[in-house]
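As structure tokens, the structure follows; a few thoughts come after it.
Every chain is named by a letter (A, B, C and D) in the order it is written, and numbering of its residues begins at 1.
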Amino acid sequence: MGSFKLLRKMLGTEDFTSSTGLVTTIRSLVAEALGVALIVFVGCGATLNFVTSTDIVQIGLTFGCITFACVQWGFSMSGAHLNPAITLGILLTGRLGWLRGFLYIGSQCFGALGGSFLLQVLAPRYHHGHLGTTYLFPGGVDPTCQSGDCIIGNVKPWQGFGIELMVSLVLVLVYLSATDPLQSEDETTNVPLAMGLAVAGVHLMAFPYTGCGANPARSLGPAVIAQQWDNHWVYWAGPLAGGMLAACLHRFVFSSFRRHQRHQY
Amino acid sequence: MGSFKLLRKMLGTEDFTSSTGLVTTIRSLVAEALGVALIVFVGCGATLNFVTSTDIVQIGLTFGCITFACVQWGFSMSGAHLNPAITLGILLTGRLGWLRGFLYIGSQCFGALGGSFLLQVLAPRYHHGHLGTTYLFPGGVDPTCQSGDCIIGNVKPWQGFGIELMVSLVLVLVYLSATDPLQSEDETTNVPLAMGLAVAGVHLMAFPYTGCGANPARSLGPAVIAQQWDNHWVYWAGPLAGGMLAACLHRFVFSSFRRHQRHQY
Amino acid sequence: MGSFKLLRKMLGTEDFTSSTGLVTTIRSLVAEALGVALIVFVGCGATLNFVTSTDIVQIGLTFGCITFACVQWGFSMSGAHLNPAITLGILLTGRLGWLRGFLYIGSQCFGALGGSFLLQVLAPRYHHGHLGTTYLFPGGVDPTCQSGDCIIGNVKPWQGFGIELMVSLVLVLVYLSATDPLQSEDETTNVPLAMGLAVAGVHLMAFPYTGCGANPARSLGPAVIAQQWDNHWVYWAGPLAGGMLAACLHRFVFSSFRRHQRHQY
Amino acid sequence: MGSFKLLRKMLGTEDFTSSTGLVTTIRSLVAEALGVALIVFVGCGATLNFVTSTDIVQIGLTFGCITFACVQWGFSMSGAHLNPAITLGILLTGRLGWLRGFLYIGSQCFGALGGSFLLQVLAPRYHHGHLGTTYLFPGGVDPTCQSGDCIIGNVKPWQGFGIELMVSLVLVLVYLSATDPLQSEDETTNVPLAMGLAVAGVHLMAFPYTGCGANPARSLGPAVIAQQWDNHWVYWAGPLAGGMLAACLHRFVFSSFRRHQRHQY
């Protein structure tokens, strides 16, 4: 295969040149945009809980359930990445063309903006807050502090980066292994459930630390609409680094387990 | 096919003319009524929590689990719509005759009345409240307000309509894709789980906003028994509009993905 | 078939006459006893929460998860009824011999006593309470009441009976349909998950009303160990009536749906 | 087969002598270490909840979801024991070589140290607490006590041992039956879900009593990093005894159910 052909294969130009490919690609972009819009609308909407006090379980389970629902209806259309970190992981394992991958990420961001805008319109203005923007836990002022940096208990940006990296690592590892074609004969893998429970788990842990982005598109939407950009780089760098690390682990350590090498009793 | 034949096919008269069809139809109506009755009895019963303070997670998971249970036993009998919005979505995708569809909706409403009445009888009178009627979050009086409309933080009827539309869109999209015959070879789809988690997710988000009807029959039952009709139109118009939108998206954008066009890695 | 043969078939004497049958029967009794013991130990242990205030979600999910776990390991051994109401339902649908059925119920009660005794031993004495005994919500004294019955908001015994009946109806309907051999080709039914979620759902609803027995054996264990017998009949009559009603519905209305009559789109 | 051959088979030397075996073994050790590291990082990270008050549901569901996620991606690599008690149970049922088994336990402990260290680095120092160390509920001082041991309501070490034994029994029984090759034709068993829900259930119950180790590696990690060794033996002896008991029950009572002896209706 010549290098030109290789390039075309990497870019995945056949996703656009045939009419079937083009229609499929457009539909998958619509699915990605609508999926992320619903996740942002429902998940961030749950963080604006104005009836009871902050309830991490409510927020974590809402993100988990709506991710489950969107993967359930979107999986057969676009693979239901619904997350730039997952799209990056898939790209690095070579299962998707790069052109289509970048369009996915664009669609996801566009969908997140739409979901966040809709939430701003439909939620009572008085309870908007920051529309579910992710932010690092601010800590408080040390009462015994006399000078210097008197803030204690805050999550520092590099700590937030590490936490976002770790929780995204979990999500992308689960996605890559659950959808690995080498394991696809295993009928018991329920991909929507796998993603839903993984998303619920990482939100239940990381919400107090960073608000649990674990998804750059989900963090971008409210940031644009509410114009809150503090430490926004953390919510892109962390998940994308986690996605890259997961893809490397999957490709070089784990994925080479062929079916006949699976652990068997 | 003549237009008369087409009409008969659309109405689904064969559901009534053969004795097998008639028996099957009657049984499916019993299943729809009993299913909605159990959802209303158990779900609304959970909102009358007189032991701890309002707990959105308790309410959301109760609705999710009882929906799961009713879809589990009812799916092979009637398809377990248990929701006029889902029945409308199914009708618009042409999978059910219109006569039977409208009887389903009637059965669902009848079942909701029964479940709500039973709850009124079995719950301690002192804790009845409104038997779990759905209502728009009323907000509060702005203390700095001097004249005019001093209510702040309330959910306006058109906002409630939008939220009910969005959450019903999620439910109907999940139902339509999980039960799509074109995807039925996919053995891993667990329809009861899909509906249960989707219902749990939307309740966890929308309960503070609108009480989360997302099901006109579920909203009708307590409204009749407790005679609370404020903004009741929202709980019909929103879910039915959401069901229509989901059916259009499914039919014209997503459903035309044939199996050989499924997203594959 | 003569009436004697019919009687032997109903009683299921072949469960005891062959050596294979006898071994299988004894093992299934061990499984039922251990399963109920674990449910009572873990579930009732969760009600003795001495760290945070009463949390219905914690209690409901604990009962759901431990039921899931016990059905997961016990289903292939005894069918994992783990509940006299379910055993009664199975008996009335004719899937089990009556002799074995009554031994199941005995094993379940014995296991519940064991689990409850173990909890009394292993829990700190100061926090025993009533070891998770089920009781009817007592309500409170009406401050404006001057004479007569001044208790308001309590759940009356006949109301408790009705609630126990309804929640057991849900459990037994789900069990009967999920394990119906006529539906057994449907590979997606996850019986442990079905029972776990159904149990979680009914506890989340009924815990404030009656403590949610929904299982006479589970109610018997703590009642014996803690010697709390108030309204104990409710926790036998309700679930058994619910099991009977579910068996009748399943047998005469729903179960006659043969596979070729399943609802199909 | 000579006794030397039998010994080699028991030790599982073929896991190391062939190059395929060696590569597979090393990969499985990496998977065990990474899996336990993620469980400890995410699960113990959830116990350091500095935003709301202690929430047992949040902690229990986090451990359940992250265990689900790690079993989901790790099952095909190492069997995803992720717990020395489960490895011991598997060893006693003869499904794994002893050499590999002990290396698994070493990997799990190493992973737990890594996860705990990472949590210490990434969590705000002010909220470290004991990094999620498991400890026995300390009770309080009896105000009416005048002399002697005035602590009441505490969990005594032997009680903690019993509780850890029981909850580990549940986990290992579920693991052994869900992965039993004799039941492996049963397509509906979702092993990650089984382990996730079982872990969630036991944490929801046992967290107030012992912090719910149920996994010696998970208890070791924070103990080393935070240097908290009170009653640490409980968290090794209890789970390992539970694993042994589960293996005996599975092997001598339950596992001899061959497929043709499965409970059938």
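Criterion: a residue touches a chain if its C-beta (ideal position, glycine included) is under 8 Å from a C-beta of that chain, and two chains touch if they have at least 3 such contacts.
Owing to the predicted nature of the structure, the values given are computational and were not obtained by experimental measurement.
Asker: Are the interface residues of chain A and chain D largely the same numbers on each copy, more than half shared, or largely different?
Answerer: Different-residue interface.
Asker: Using just the Cα atoms, superpose chain A onto chain B and tell me the rotation angle to the nearest 5°.
Answerer: Here the rotation carrying chain A onto chain B measures out at 90 degrees.
Asker: Where the centres are mean C-alpha positions, what is the separation of chain B from chain C, in Å?
Answerer: Using C-alpha averages as centres, the distance is 29 Å.
Asker: Taking each chain's centre as the mean of its CA atoms, how far is chain B from chain D in angstrom?
Answerer: Centres of chain B and chain D (C-alpha means) sit 40 Å apart.
Asker: Could you say which residues in chain D touch two or more other chains, in rising order?
Answerer: As it turns out, chain D has residues touching two or more other chains at 55, 57, 61, 64, 187-190, 193.
Asker: Chain touch graph shape: choose line, ring, star, complete or other and state it.
Answerer: ring
Asker: Identify every two-chain combination in which the chains touch.
Answerer: Those chain pairs which touch are A-B, A-D, B-C, C-D.
Asker: Could you pull out which chain D residues touch chain A in their complex?
Answerer: Going through chain D, the ones touching chain A are 20, 24, 27-28, 30-31, 34, 38, 41-43, 45-46, 48-52, 55, 57-58, 61-62, 64-66, 68-70, 72-73, 75-79, 90, 95-96, 118, 121-127, 179, 181, 187-193, 196.
Asker: How about chain D: which of its residues touch chain C in the complex?
Answerer: Per the touch definition, chain D meets chain C at residues 53-57, 60-61, 64, 137, 139, 152-156, 159, 162-163, 166-167, 169-170, 173-174, 176-178, 183, 186-190, 193-194, 197-198, 200-202, 204-209, 249, 253-254, 257, 261-265.
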